[in-house]
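Scroll down for the structure; my scribbles are underneath it.
In order of appearance the chains are A, B, C and D, and numbering begins at 1 in each one.
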Amino acid sequence: MATSVFALEPLWLALLLQALAALLLFLIGAVVVGYLEHKVLAHMQDRLGPMEAIWHGIGQLPADGLKFLQKEDIIPTAADRWVFALAPAVAVVPGVVVIAVLPFGPGLWLTDLDAGIFFALAASGVTVLGTLMAGWSSANKFSLMGGLRGAAQLISYELPLVLAAAAIVIQAGTLSLPGIVEAQHGFTLFGVPMIYGIPHIIGLGLFFVAALAELSRPPFDMPIADSELIAGHMTEYTGMRYAFFMLSEYAGMVILSALATVLFLGGWYPWPGVGLPEGAAGMVLGFVITFAKILVLSAIMVWLRATFPRMREDQLQRLSWSVLIPLGLLNIVLVATAKVWF
Amino acid sequence: MSVPEVVMLATGVVGGAAALLVVTSRNVVHSALYLVVALLAVAGVFLVLGAEFVAWAQVLVYVGAVVVLLLFGLMLTRAPIGPTGQGNELGKAMPLAVALAVFAGLVALIVTSYGGEVIALEHVPPAALGEVLYVAWALPFMTLGFLLTLALIGAVVIARREEGEGPLPEPDPDEPEAAEASPPDSSSWPQRQPEPTPDEREVSA
Amino acid sequence: MSETLPHEGGVILPGGPGEAMSVEIRDGGLVTQEMNLNIGPQHPATHGVLRVVIDLDGEVIVRARPVIGYMHRGFEKLAEARDYRQIIALVNRHDWLSAFCNELGVALAVERLMELEVPERAQWIRVLMSEWNRILNHLMFIGSFGLELGAITPVFFSFREREDIQSFLESATGGRLHFTYTRVGGLKEDLPAGFLDASRQMAATMRSRNDEYRQLLLGNEIFQARTKGVGALAPDVAVDYGVTGPTLHATGVAEDVRLSEPYCVYDELDVKVPVRTNGDSYDRFVVLLDRIDASLDLIEQVHEGLPAGPVNRKMPKTVKAPEGATYVRTENPLGQGGYYLVSDGGKTPWRMRMRTPSFSNIQMVPELLEGSLLSDMIAILGSVYFVVGDVDR
Amino acid sequence: MPTVRSSETSPPATRLAPEAIAALLAERLPEAVTATTVAHGQLTVDVVPEHLPRAAALCKREKALAMDFFDMMAGVDAGEDGFHVVTRLYSTRHRHAVLLRALAEGGREAPRLPSLTGVYRGANWHEREAYDMYGIVFDGHPGLEPRILTVENFEGWPLRKDFLLTTREIKPWPGEKVPKAKEEPAKADAGGEPADDGPSEEEKAAAKKAKAERAKQKAAEMRAKKRAQREAEAGGAQGSPGEAAPEAGGEGRGGGGDEPGKGEGA
């Protein structure tokens, strides 16, 4: 198995480079997916989307970022200042941290943790704290309702997400993300090399639905439901702090798509059994393949946004507890049985 | 001092300070947020000790689920911004005594078990942990799991009974507060929220 | 302080700004305090400045009280200070989505008081314009209803059609929203060349597009889950409140002015009124879609039967309605519009009461809201079709 | 789709002619019905105010009438007599309608009518609107306040003819299209086309002068009000500012609205 390109000496240089790379990947990923959402949504809705900033509006998101920087930072008088100010950071930091374990190509990861998948899920689960803090500290009833809905939703969808990932861990026999990719590379179904996504179609579905709910993306966007709760926990936020929430949403799309890519779609390999060239070429190719898979998954998320109305809070809970979680448990039993038998 | 020792000390201090703030903060939500810091510090301690899996489990379960549930409960029930009245009639002495007793007990336990022994810090891979849990301690582990499942089912059963099957406690009409809390007559249009009585104002002050 | 502990005797802490739904534990049971929430006057779901004060128990609405009047512009008073020509431009504006149907009502009222016979062609064109206006209006609500439920795409589609329709209506009337095309005794002027062709073409396009809307939303599982059985309105309640239009037709009552008291040339046309029986949000939405088809049928009948001739009568410079009173009903897109015109023989009305469908619809809304979920409120408010200007006048 | 077509639904045979409805009402409630008029095919029944709910209930419950649909309610300024309230009831089954007209008791000072909310739920807001616009009090209504369309602390009854449009009060109106009392229009109309010819120079000058005077008067009033308020506050709790304000405001409005149309019309 390849080692990380960041396994450098001395340690401080490696750490510095890792931190920089994580931040850069986080920003680039969020901006690219954000642009994707603008454009895909627009074309699905019979319009063009941003067209002015540079070529085909490609500079729209950086321009938005600049604009957000100039906006007045408003903290409501009744708000709990510290919690209000900290909430966007709490929403963003887990995203940056998770980037550290995501493999974007052969050797293209910052660090390979033994319990990588576990770490990624644990860290991304912390994001909900930001939502809760923002919802409570805004001193706004709509925000509070949004925070409550967000918390309820994230608690109930963390379970299917972890269950779906657990099935893959059983299949691959490792918790390490690069390890799962390599295990998948050698996986065959009745002699045919196969990505996990095909036999684990239930798991893939579970993971994708739960990821949508974790991200509060339509059709599970009740915490920010604009026609009910204005913007939920983000109602009182302006300028850069608001931009942080948006950033964490788009980065969340990247992260969960990347996880799904690793777990179900064969990571940086075009197809299990099909290798990549050695060295830098393989790295670049691997990165391109990984990113393409991430973008496809993100585009599907955007597609769902263009297609579906919003669900209702009780319907969402019912879906999780009476459909997804039993299905997730069943999936684990099936996978474990199959793993022992074959 | 070696690097791990410094980190250990730092996380320990942060965790201890946060834990102290949890109990001294006058604002319940702040307490819960300090609890997050304390739990993260504990995860840090686990990391320094090489127990990576336990550290992430701590984050996933305690920060991601338990505290979130706690905050959810707080917000759902009563979490006005600003300090709230201390609702603890046990005062401060009793909890302090309990905490000290637990601390003393744990210290005594550790000292008697490992007193003087030097344990080398080494990274425990999840595979090794799995080996221990599912091979050496498989029976106790499964018993524990069974017990927790039973507890979960029991909780669901109790909750369901309260919801529909059992009799709901009727609010006592003679109780003055009950009349106050009852919704104002809908025929008088529109309704403003009733002014807080002097008693209630006092609590908020 | 010790005697008012939160868990003793059920004293509820008065909340700060961030007060939540408070729960008290009393006698071993949970008693919740309701949260009072103002939806509006500025809120995305209220289509303008309407305020709904709701008391929430968790997510369940316990009480709902619509507060109106934020857009009250005193049109009834203004009408008393305007001559009839000016009133036609005025009534365009209270329900800005049904401009033509409104102005038609006033013209009909004055014509009835004057016992004026309007040229045949003008009457046919009035029907044509009314039906196009109806489609314009319904397109708006089809788009916005999806938007409120979180489906953001339909609104772009429906606005594409709205633009197209407005463009060719503009060629005849000069207006895109406020047409002011009617005059007492006829119309402003005849249709321009090419108008009928554009109208024919648009009718054909609209037919296929209407199926597109059906496919876009109706088959969607989530859409059905969000709307079926939500905010079901009983026919007797609807009639008691004076609810009309698509909201009434969804309950199974086929009361439509075009059937029961035909004006213009509706009695010569085959008017179809789509009716459904459940009265819930889903049915109200389906009725809206079906009404577009029904309106297209009427438009095609007008295309075929439109007679030649003048479009207005020679009228005196100042129109004076003779002394008397009359009540004229028209089937506006949102329901029955009514104009009670009292004239003292002058050139301004002595009194003109505007009976607007949205007013009655909103009055009925608490019946549907109470006991439903907060999210359902959006589905209900979005499907009890109203325009705030029409409520407040 | 289930549809109802006009070709399938001719007017029901049970539909009653206006005259028949009038006869039926007069027969069943002779003490309530004072007069019936049929104009433009519409029946208007004048009802004794106190019997209005009974008449409405009869219209709703009588099998042959079955007027289940509450259409609308309109207040109409009836000059010196006070205010009419016209209620339209309609039958969705028989497709006939009646306009019940009642003259509110109490003249212009304290118009009162019994409420129809017990008969039709839809009457609620219509009555609130009539109260808001004309000050007609409906006995038995669950809550006329706060005012439904105007702001809660609005003073005056906007649709009464003696209530001038505020713009006319602030800015003199050289034209004639001010809502006038009943006698006025005939006089004004004799002038031909007043809407089209603009105000003459003298009129403009006079209007300007009048405006300046009014502004002065208003400023003086405000000063007096403020002074009174300060004194009240300094003096203690006996006169709260909330009490002083409406009084002064009422005077101001009374000065502008007591004699409608006069001065402006000529």
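Keep in mind that, in the parts below, contacts are C-beta pairs under 8 Å (C-beta built on N, C-alpha and C of every residue); 3 or more make two chains touch, one makes a residue touch a chain.
Note that this is a predicted model, so its numbers are computed, not measured.
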| said: What's the minimum number of touch steps needed to get from chain A to chain D? | reply: 2
| task | Taking all protein C-alpha atoms shown, work out their mean, then name the chain whose own C-alpha mean is nearest to it. | result | C
| remark: Set C-D beside A-B; more C-beta pairs touch across C-D
| said: Could you work out how far the Cα centre of chain C sits from that of chain D, in whole Å? | reply: 24
| Roughly how many whole angstrom separate the Cα centroids of chain A and chain B? | 28
| Approximate Å spacing (C-alpha centroids) for the pair chain B, chain C | 52
| Length of the line joining the C-alpha centres of chain B and chain D, rounded to whole Å | 63
| In chain B, which residues are in touch with two or more of the other chains? | 75-76, 79, 81-82, 189-190
| query | Among the residues of chain C, which are close enough to touch at least two other chains? | reply | 16-18, 20
| field | Contact set on chain D toward chain C in their complex | value | 1-7, 9, 11, 39-40, 42, 44, 68-72, 74-77, 86, 88, 92, 95, 99, 120-122, 124-125, 133, 147-151, 158-159, 163, 165, 177-179, 182, 185-186, 188-189, 193, 195
| request: State the interface residues of chain B toward chain A in the complex, per the touch definition above. | output: 27, 29-30, 33, 36, 52-53, 56-57, 59-60, 63-65, 67-69, 71-72, 75-76, 79, 81-82, 123, 125-127
| query | Where on chain A does chain C make contact in their complex? | reply | 41, 44-47, 78, 80, 136-142, 144-145, 148, 218-219, 221-222, 225-228, 230, 305-315
| said: Per the contact definition, I'd like the list of chain A residues that touch chain B in the complex. | reply: 78-80, 83, 113-115, 118-119, 121-123, 125-126, 128-129, 132-133, 135-137, 139, 144, 147-148, 151-152, 154-155, 158, 162, 175
| field | Sites on chain C touched by chain D in the complex | value | 68-69, 72, 74, 76-78, 80-83, 112-113, 236-237, 239-242, 253-256, 258-262, 266-267, 269-277, 286, 290, 293-294, 317-318, 320, 324-327, 336, 338, 340, 342, 344-348, 350-351, 353, 355, 359-360, 363-364, 392-393
